[in-house]
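Structures follow.
Same chain, two partners: chain A is paired with chain B first, then with chain C.
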Partner chain A sequence: MYLLLVAIGILCLSGLVASAVGRSSRWATACGAGGVVVAALIGIVPSVAAVLGATPQSIRLAWSVPYGAFFVEVDALSGFFLVVIFTVCPIAAVWGSAYLLQHHGKKSLGPPWFFFNVLIASMALVVVARNGVLFLVAWEVMALASFFLVTFDDDDEGVRDAGWIYLVATHLGTAFLLVLFLLLGEHASSLDFDRFLASPERASVLFLLAVCGFGTKAGLLPFHVWLPEAHSAAPSHVSAVMSGVMIKIGIYGLIRMLTILGPPPAWWGWLLVAAGLSSGIYGVVFALAQHDLKRLLAYSSVENVGIIVLGLGVGVVGLDAGQPTVATLGFAGALLHILNHALFKGLLFLGVGAVAHSTGTRELDQLGGLLKRMPVTGAAFVVGAVAIAALPPLNGFVGEWLIYFAAFNGIAAPGRDTATAVLSAIGGLALIGGLVAAGFTKVFGIVFLGEPRSRSAERAAEPALVMRAAMLALAAGCVFVGCFAPVVVAALVPVVRVATGLPADAVAQHLGEASRLLRWFVAAAAALVATSVLILFLRRWLLSRRDVGAAPTWDCGYAAPTPRMQYTSSSFSQPLTELFTFLLQTRHRGSALKGLLPDPTALATAAPDLLADGMYRPLFDLLGRGLRSVRWVQHGRVHVYVLYIAITLLVLLVWKLG
Partner chain B sequence: MWVDTTLVFLALSSLLLLGSSRLSRCVRIVAFQGVLLGVLTMAVAQHDPSLRTIFFALAIVALKGVGFPWLLSRVLRESEVHREVDPLVGYIVSMLLGTLTLALSFWLSARLPLPAPPLSSLVVPVAFFTTLAGLFLIVTRRAALTQVLAYLVLENGIYVFGVGLVHGTPMVVELGILLDVFVAVFVMGIAIFHINREFDHIDTEQLTILRDWTP
Partner chain C sequence: MIRAPLASLCLPLVLAPLLLGVINRTKAIVAGRKGQPLLQAYFDLWKLLQKGAVYSRSTTWVFYTGPAIGLAALLVATAIMPFGGAAAAVAFPGDLILLAYLLGLARFLTVVAALDTASSFEGMGASREVTFSALAEPALLLALAALALQTGSLSLSTIYTRIGVGSWGATAPALALVAGALLLVFLTENARIPVDDPTTHLELTMIHEVMVLDHSGPDLAFIQYAGALKLWLLGSLIVGLVVPLRSTTAWIDVAAATAGMFALATLTGLIESSMARWRLLRVPQLLVGAGLMSALALVLMLR
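Our next item is the complex of A and B:
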């Protein structure tokens, strides 16, 4: 516990020092990144201990803020999220230390390191806070720190707009949370989490508030619109932390609320399943249609949050139906997918960042052939892509398999409703899985295979050594969780116990069963790898005594092929995006080809966010028009502003005393 | 006896301020109020004026009675503005409203529950009235200098409230507040000086361009 507070202290202190020495890029980077690494090394010790089932430790200190207390506790659930934070963040920091130095001399690196370290500290504080005021304060610090990180390249207008959208979205989310905690606190007349009582008549309202508030941070449909904007505007290591870790803090809030709100009614589970499914499908379909690598990854984050919430939904349905197997496995799958997504999405963002850093573009159609020029980045990226597509033997498969396993267990449950929910979960998850595989085949194929589509892609080279090391570390994490899946799943018992509130031996029994089945999967994966290696050696042996010719890729039978004849990102995904025209409403610009010898023509496609354009823009326009009529209140005459204050004070006094 | 007299003078001086247009006169009235506060501080502790009370009363007189007026009259000379031109609410109306406010203050103070009975029944109404008069001046006067004066009057009202109700506020707190006010007036004086040099006037009505939103 104290180690954790020391870690948070180191993070804040190193951030302050980094901002103080910001004039020297190297010192700021050393302080900032060094602080994160040291803090993570210290903080991971109590976190792992808590995950493995150490007795929860807490500290409660008085605080002069009304209803506030510095009340922190590390239980298994907090510990699990701390492990995610302290695994991905230091790696992103190391990667960022090389990445940010490209701004050396142009921009002070003090502020980005300060806010980066404060962001990590606040995330750690959010997951251990056990008092409403402390929680909300840490939550707001987290939102503001990430806002300043998103707007790092603030000389770009698009980045400023993205920051603005993010700021509005995150504060709207916090507004829901404020009401949530006020209602909880009113009922319990205290804002300490351990005093909160489950009140059946209000629980549903509280649950909806939690879904809206925490869902906004997590990027759940329909609150996801800030995500593609903010993630594509932020520097890549920040995107990795935001997408890999920060949005999971929203999920943490949701799980924590579920533990507080008492036994859930069935419709909570259906709501979560429905929200998860729609997020997942919406996210992956829009990811398919994107041309900008980081926007694509951001939509993929929406999809993964959908999968996580789907797992939670299946778990809640299981809890309600009295099916501990389904509940345990659903929650375990969601939790494991949180860790997995942090690893592979972090890796993918860092990989895309390396590509953008090296080529200067994130446009899919400007890239190509990078595997030969950036072999290490490419290798790490392919690991991430396979993992996110949930293909064995990597970690992505394990998490989704647990959710499938939970859902299949639920089919046999009595009651038609449970079966409907879990069957739709199975179908949706299968659809999402297929589309993700297609999407990341597209990304990897367009970016790393084929021939370079532009001069900048031709000149690409491997990034700095530390950047490569950071990506390989995350890739190793993906492989590790995949290969040691039985151990990892078995280690989740205390976490799932806290999240579901089920007795420990039941949780251990169900997870042990899953763990035993996973052993077969690891054995099969090992066999697969062994066979592949064997085939590789066989191929080398067969070819060793023959002439091996080299021919251009993407030849397509033409005598003089050019890189422009390759598939573009839109043409690759066109068969799939055609199926989802009702959702995507892709805009095509350009003319069709006419005649036998057509004139040169151009085609551009764009898939703007359906909800952002169709729902939020009209809504905010309407709000803006409505509020324009009261704009005269703000006229700039300071003494009339004072008049407002004076009148308010007087009215309050007269009202209260009269 | 002393306390009541000082408080009555304080209320009257605030009323007078509401009806004054010459800025130099306003500065003098506020200086007078500063001296009154010093007297009040002594009068509250008339039975056993400790060393610390004497020191504090002197500090108040030195700052509010001499220091600020000197600083503000310097700004006045530099800015070459002598009268409050065209206030948003006229002087006669201001005084009438001031009398109404005084009545309201008495009405309010009769209803305000207090932890301990105040030294004199006049403390709370005069404190209210002085505070509200300060607020009223901030709202209705245009010259930036009057606004600083009004801020001082407002602060005086708060001080009266404190000294009349809370016996034995720690000296550190009182000195801290005094220092705050000092810094505020100092900064405002400098700001007015610069505004005047930049725009050739100190009319706050014309500073509306500083708002967030511009049509």
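Our next item is the complex of A and C:
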């Protein structure tokens, strides 16, 4: 426990020092990144101990803030999220140290490191906070620190807009949380988590508030609109942390609330399944339609949050139906997918950052052939792509297998409602899986394979050594979780116990069963690798005695193929985007070809977010028009503002006395 | 006891390419031709293994590791696939999900290997492949879910041991729907008419054949053998369901299932002879239809 506070202290301190020495880029980077790595090494020790089932430790200090207390506790659930924070963040920091140094001389590196370290410290504090005031303060610091990180390139107008959208969205989410904690506190007349006891008639309102508030941070549909904007505007190592870790803090809040709100009714589970499925399908369909690499990955995060919430939903349905197998496996699948997504999405964001850094563009249709020019980045990226497509033998498959297995176990459950919920989960997960495979064959194939589509892609080169090492470390993490799946799943027992509230021996029994089954999976993965190696040796042996030639790609007798004739990302995903045109409403701009010798023409397609354009923009426009009539209140004369304050105080005084 | 897994592992390894021969012979007979030898697929494999290879200068290691790992994935899938009441070499609860995702891995690798060539033709095939397989995936998994619900088991081997004549007596309409959905998945995933035309080369209408246009020599042999195994595996999902003979003598069951496989190959040949490839825009309707058939089967079973 104290080690954890030391780690948080080091993060804050190193951030402060980094901002103080901000004039020297090297010192700021050394302090910032070094602080994160040291803090993570210290902080991971109590986190792992907590996950493995160490007795929860807590510290409670009085605080002069009304209803506030410095009350922190590390139980298995907090420990699990701390492990996610302390594995991905230091790797992103190491990558970022090389990335930020290219801004050497142009920008002070003090602020970005300060906010980066404060962001990590606040995330760690959120997951251990056990008092409403402390939680909200840490939550707000997290939101503000990430806002300043998103707007790092603030000389770009698009980045500033993205920052504003994020700031507004995150505060609207916090508003829901404020009401949530007020209602919880009103009932318990304390804001300490251990006093919260939700009355059953209010639990559903509280649950909906939690879904809205925490769902906004997690990027759950329909609260996801800030996510594609902010994640594509931020520097890549920040996107990796935001997408890999920060949005999971929203999921943490949701799980923590589920533990507080008592036994869930069935419709909570259905709501989570429905929200998860719609986020998953919406996210992956929009990811398919994107040309901008980082926007694509951001939409893919919406999809993965959908899968996580789907797993939680299946778990809640299982809890309600009295099916501990379904409940344990659903929660375990969701939790494992949180870790997995942190690893592979972090990896993919860093990979895309390396590509953008090296070629100067994130436009898919400008890239190509990078595997030859960036072999290490490409190899790490393909690991991430296979993992995110949930294909064996990597970690992504294990998480989704657990969710599938939970759902398959739920089919036979008595009660048709349960069966309907889990069947839609199976069908939806299968559709999402197929679409993700389409999306990530596209990303890897168009960016890294084939021939370069522009001069900048032709000149691409590997990034700095530390950046490559960071990406390889995350790729190794994906392989590790895949290979040691039985161990990892067995280690989740205390976490799932806290999350579900089921008795420890039941959880241990069901997860032990799953862990034993996953040994078969590891055996299959080993067989797969061994067979592949054998076949590759067979191939080499067969070819060693024969002619092996090199030639241009066979293009049906056409003699002079050029890179421009390759399939592009838009053409690759066109059949699928046509199918989902009711959702995407893709806009085409350009003129059709006319005549036998047509003039040069251009075609541009864009798929702006349906909900952002169709729901939020009109809503905020309406709000803006409505509030125009009271704009005269805001005029910039300070003495009148002082008058406002005086009147407010007077009104409060009268109200209090009267 | 050891014989049953041996049958389900060795029969596909040996007989899978013969299915292609049967399909082609059926098409030839219907068209009034003599047709190629039944064993032509074996001759092709043997010839390709003897040959050298030509690689495009655009390609990387992805291009030649793809077919190798793809074949390995199909071999592992063969090891978990039961055949006609005979349990698979390896069986465990949840292996049905592994089967679907091993096929997915093989597809992923074929697609990226196709994109590695920088050819617009292969890009086109890759794009269509991912489109159709994304839509076939729910149909396959929901069909497997229906079978799991019917038999109360999550392992392919147990599912196919428990399906018998009795199951058809109880829920014939639902099982017929599942078989129909699986047939559509079978035709799609194996690139047969009405989704794809395996006989035309270099046409813009094609999917699978065009993706492997640049592969040659042993790589192409691996791809073709993996394709034959996939034909067998997805076929035995159907045959295990519609030939529900589960007698006490194991070899009779296996023989009946083998006969069923060749009947399925003949049926495929007849389908290919009697209809044209559908327009690409209509194929998704077919696949969504397959998904709905699986879902309807589930509804009937839950009723």
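FYI, the second predicted complex is superposed on the first by the 639 of 658 C-alpha atoms of A that agree within 3 Å, B and C clash if a C-alpha of one lies under 4 Å from a C-alpha of the other, contacts with A are read in each partner's own complex, and residues count from 1 in each chain.
Everything that follows uses one rule, which is that contacts are C-beta pairs under 8 Å (C-beta built on N, C-alpha and C of every residue); 3 or more make two chains touch, one makes a residue touch a chain.
These numbers were taken from a predicted model, which means no experiment stands behind them.
*Asks:* Evaluate whether chain B and chain C can sit on chain A together after superposition, giving fit or clash.
*Replies:* The answer is fit.
*Asks:* Once the shared chain is lined up, is A:L653 touching chain B (first), chain C (second), both, or neither of them?
*Replies:* first
*Asks:* For A:V640, is the partner it touches chain B (first), chain C (second), both, or none of the two (neither)?
*Replies:* The answer is first: A:V640 touches chain B but not chain C.
*Asks:* Count the residues of chain A touched by chain B and by chain C, then name the partner with the higher count.
*Replies:* Greater contact footprint in residues on chain A: C.
*Asks:* Once the structures are superposed on A, label A:L435 by its partner contacts, choosing first (chain B), second (chain C), both or neither.
*Replies:* In the superposed model, A:L435 contacts chain C only, not chain B.
*Asks:* If you stack the two complexes on chain A, which partner ends up touching A:R631: first (chain B), second (chain C), both, or neither?
*Replies:* first
*Asks:* Could you say whether A:L208 touches chain B, chain C, both of them, or neither, answering first, second, both or neither?
*Replies:* neither
*Asks:* In the overlaid three-chain picture, find the nearest pair of C-alpha atoms across chain B and chain C and give that distance in Å.
*Replies:* Least C-alpha distance: 50 Å.
*Asks:* Where on chain B does chain A make contact in their complex?
*Replies:* Touching chain A: residues 88, 104, 108, 111-112, 132, 135-136, 138-142, 147, 204-205, 207-213, 215 of chain B.
*Asks:* Quick one: which bits of chain C touch chain A in the complex? Just the residue numbers, please.
*Replies:* 49, 51-60, 62, 64-65, 68-69, 71-73, 75-76, 79-80, 90, 92-98, 100-102, 104-105, 107-108, 111-112, 114-124, 126-128, 130-131, 133-138, 140-142, 145, 148-149, 152, 154, 202, 213-214, 217-219, 222, 280, 284, 291, 295, 298, 302
*Asks:* Would you mind writing out the residues of chain A in touch with chain C in their complex?
*Replies:* Checking each residue of chain A against chain C gives 368-369, 371-372, 382, 386, 389-392, 397, 401, 404-405, 408-409, 411-412, 416, 419-420, 423, 426-431, 433-435, 437-438, 441-442, 444-446, 449-451, 517, 520-521, 523-524, 527-529, 531-532, 534-536, 538-539, 542-543, 546-556, 561, 563, 565-567, 571-576, 579.
*Asks:* List the residues on chain A that touch chain B in their complex, please.
*Replies:* 631, 634-640, 642-643, 645-646, 649-650, 653-654, 657-658
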